[in-house]
């Protein structure tokens, strides 16, 4: 950290802050500039003391130098994490393709979608059984019955199941039925849930909150990693900005940015990230072009009758055409969209 | 709702959408404009069908006309809700003043703060026992021991205790010790928690999420109200914008906006809303000027040594001076900052 | 437009608003809903009357149905506009590749860059002679001398020259030397400049302002089109959001969105849109994947010594490698990056 | 500046950057931390070299320590600037009250407004003669005829006239008729205009752009100050955020923030900052509570028929009531809203 003193800071204030830095077990290295004094605080300690130092007398600001996350950091583990779970593989040369309905509405709807997306080349099935909904008056999901339907779809198609868990007390139940636990954008900083997900042993798909910074996303992942679970997929699903022509703004530069900072794979969700079916495929292409390790996409037999998110869902035909293009795109980038069992074991 | 058809929509598409609107039990009222057709969908039904209609063929967009929330709406209950709990009263002519440390760190720290803020005129005590922290490496709160300390402070000072609950399974425990349950910004859309808070019987202070719209905030309140709890205080604590000179951007216009839409009282948090101690008092003044029903503010015996949020905490002297100014300001606005027991019963 | 009345609007207020709508030459079509009345205002008139209607008694809001722009609209001209100027062609199957230094610093720097980008496959040369700079203490450009150098680079390489004009009184001068006039993000709503650019006869590259909505961008283009100049390229260069890991947030969904709304070609600027050289190439790939009609990119012989924007500039090697990838990507999307003269005339 | 090297930076890269810092005439002070090396660059030089240093090999980022603006800085001139022009005085204990129509529409409309706002206590008249409008199809202002009308209103009422200038070539004309030249939000970074305004000798009211940071606003002011004009009033008029219930988000914390950083007075525009007449007065109160040196507000004889911005304009009665409250508020804050001639000369 660099403690930047105010222009008029007194020698006493500077001495005080040097002492404070040292009390935290850091080495204080003051630099007397022409207009201001700054104190470099050297050591392995992270963010914890930043807040205390910022409240010191004569301090203008404290500038962090080290990233606040550790285990997620590429500095700690330079090689990319590849996650394999059932049919799904993401990371390195593998692009996972997770497709399915927003909500599990019925066995028929879910199974027909699972069959269609498998046929078109998807490598995992998504579907919501527990639905966090903005309005208490909206459909809230089939809950455990939904999990059972998803498992039936896996049994038939072989596709790994990705589904959301919305509360720590549900983790055990959802982990019993699903292959990958999704933590939704609204829960990105639900730390009790993150810890429970960390303890579950299941791979986690962690969605970025719509107002979360990259550091906050990585610190949320750190909660899971810290709880002993190394298999975290980060998911960019859009942020809230002044743009209203899309439901959220999907900032794809976060993919290469994250790839530099972390070894964790990065998935992109163009369905929530745009909120309009006609923008989903172009943005899925762009996500692969920018280096995403996976795509998660909403597909429904008949989007017009979907109980949620129909306006951003593709139908089977649209998804089939999208997959043709996305495979070409992955190929162009030297990557592949393939089921886990078809992938030859690494040398 | 108004279903806006695309310019080139065919008569078949228009007929199809008229049928869809009618299937939802709404009356369809098509209007054939010079460039486009729009279909007004009339009835009491709300948002639920909007998504389905948006996926229809030839539809450009669906424009809602009615607010998606009901019980929170001023149209349903025109008179403002006044909440009285222990020493605290908020709403109508009463401005509540909730002050105390970000975290409960020790009995000594909490009691001395409670005494100081009581003396200066605060009407409730805040303090975090369960602390949701961005980093897993930060101080996470004293938990149940913190609740015990808060209750001791109430016993001595008579101040009502406001403290955060971070998970639905903790609601019962926290409700045993606290007077008001705070739901933090990160948990504004943790619906399981909202429902548990609704069932607790305790008044709830619901903080706006940093990317939440006004409708989303009111729908979150609706989850609590719907669970049978009429005592919800909304809290504006800042949104995330491109501004970096403040920790969040505190949009005070949300206070009069909410007062027009809802009967629920609105509290402002200038500590989190600015993130800098020197901006807290000016923004607290502005909050009262704009009509806030309460202020929640961080106060610490020695902000420099606080385990969290020291940079935005006032010390006792600063808080005392702030209260002098805030009382003057409330008086100027025809309102009062007084302990509940001192308030004469309404005629 | 739809005039939405407040819930409690009186019959007099509704009658008043019906009369107001009719006074504007629109047909008023009131719809009496269960909770509110709305008045559809039918006719060809646009935004102009919206503001007046919004101030009417008992009005809750006015919802526009028609886009406020006309000439730029795809509804008016369904086929995409292709712009050809010197070596540059953008639109339809053609992807233009505009590369060069942020600032023209010297003849040597500009000519060597022009040669290098030509060799690598660029189809136009960019370079700033008039530089709008945030700080009055920063390098402000070589001005007319810079234009002369750019023209010399065109004479030698055959590359069309794209350069910024910052004031209406400079349009004539810049148009004398340059092939395409760029209007920068800061000047997107400098209407005097837009009108002068419209009158210049030169194709215009119009950059989106960092807080501009899509409608505002298209209305800015409308100023130019209205002045009789049909050759406007829109340029997405990033918006301001809470993200700080990139200089701006580059929302690529605006490309397919604009393609639906307007016939004008859309260029993407990944240099300003990210602000980091290492993010430029991934985002350029993504831009082509999402359907951009051109890329504008900063290239410098030695970014470390650039007088401006070095941190987001590629060197010659990086640009050469980028072009290899971008050509592959364009090919994958069924498009081509080629000099205008090499393009066979359309059938 | 602090040059932060990447974790794996080589000794050669570090040496290279030390040399670079020294080449810029700064003193390099390397600090070898446990995880990274940082190089403090000491000297009076500002931002200029930051960009170059950021492009250096092995550099992670460059953190500025000094503010990029100089003449606007409170460090250079600690006492607040008070601006007196005709009837208007802003700064220190004086709160200016600038009121009038968005657009000058006619002599009758402007004069009646001038009389009404004078009577209610306004200290200056606003009114737009040159109107920058988002759409080319909207009313563009009466131009020179509008200036003549404003001058007539000043002649009759004695109120100083504040009006916008939209292009550098108009500065001389507008300065001939007006007392204060307003530079609008869209032109905050129109540097040619800023320089011309600086040369005009007239006090300038400089509006913040809706995506401008505080530093960018102060650097825009610096262009004017640098051109020899010390009389700049900064105006906060709202920023663009995801909020849609207000036209812009008015971040009042910028007032005390700016007061700490600069000696220039700060005006608040609650009309544009909210975009709804019913939110204007509460936010004007809040602006005074937070320490604003002036308010600029839209008033119209009949907002419903205004040619622009009627939805955010007060009528005469509303303005009269507002003034009663605002005077009380100013009094509460120890400040005064008075015409310049009535102010006793400072001791």
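Per-chain residue numbering starts at 1, and chain names A, B, C and D are given in the order in which the chains are listed.
Here, a contact is a pair of C-beta atoms (placed from the backbone, for glycine too) under 8 Å apart; a residue touches a chain by one contact, two chains touch by 3 or more.
Since this is a predicted model, take the numbers as computed values, not measurements.
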| item | value |
| --- | --- |
| Farthest-lying chain, centroid of Cα atoms versus that of chain B | C |
| Cα-superposition angle relating the copies chain C and chain B, to nearest 5° | 180 |
| Intercentroid distance (Cα basis), chain C paired with chain B, Å | 40 |
| Where chain C and chain D are represented by their mean Cα positions, the distance between them in whole Å | 27 |
| Centre-to-centre distance between chain C and chain A (centres being mean Cα positions), rounded to whole Å | 31 |
| Residue list for chain A, restricted to those that touch at least two other chains | 211, 239-242, 244 |
| Contacting residues of chain C [partner chain B, same complex] | 2, 4, 7, 29, 31, 33-36, 38, 40, 42-44, 63, 65-66, 75, 240-242, 244 |
| Touch list for chain A against partner chain B, complex | 20, 46-48, 51-52, 54-57, 68-69, 132-139, 166-169, 186-187, 189-192, 209-211, 215-216, 219, 222-223, 226, 239-240, 277, 303-306, 308-311, 313 |
| Residues on chain B engaged by chain D in the complex (per definition of touch) | 211, 213-214, 239, 241-246, 249-257, 260, 273-274, 278-279, 282-283, 285-291, 328-329, 332-333 |
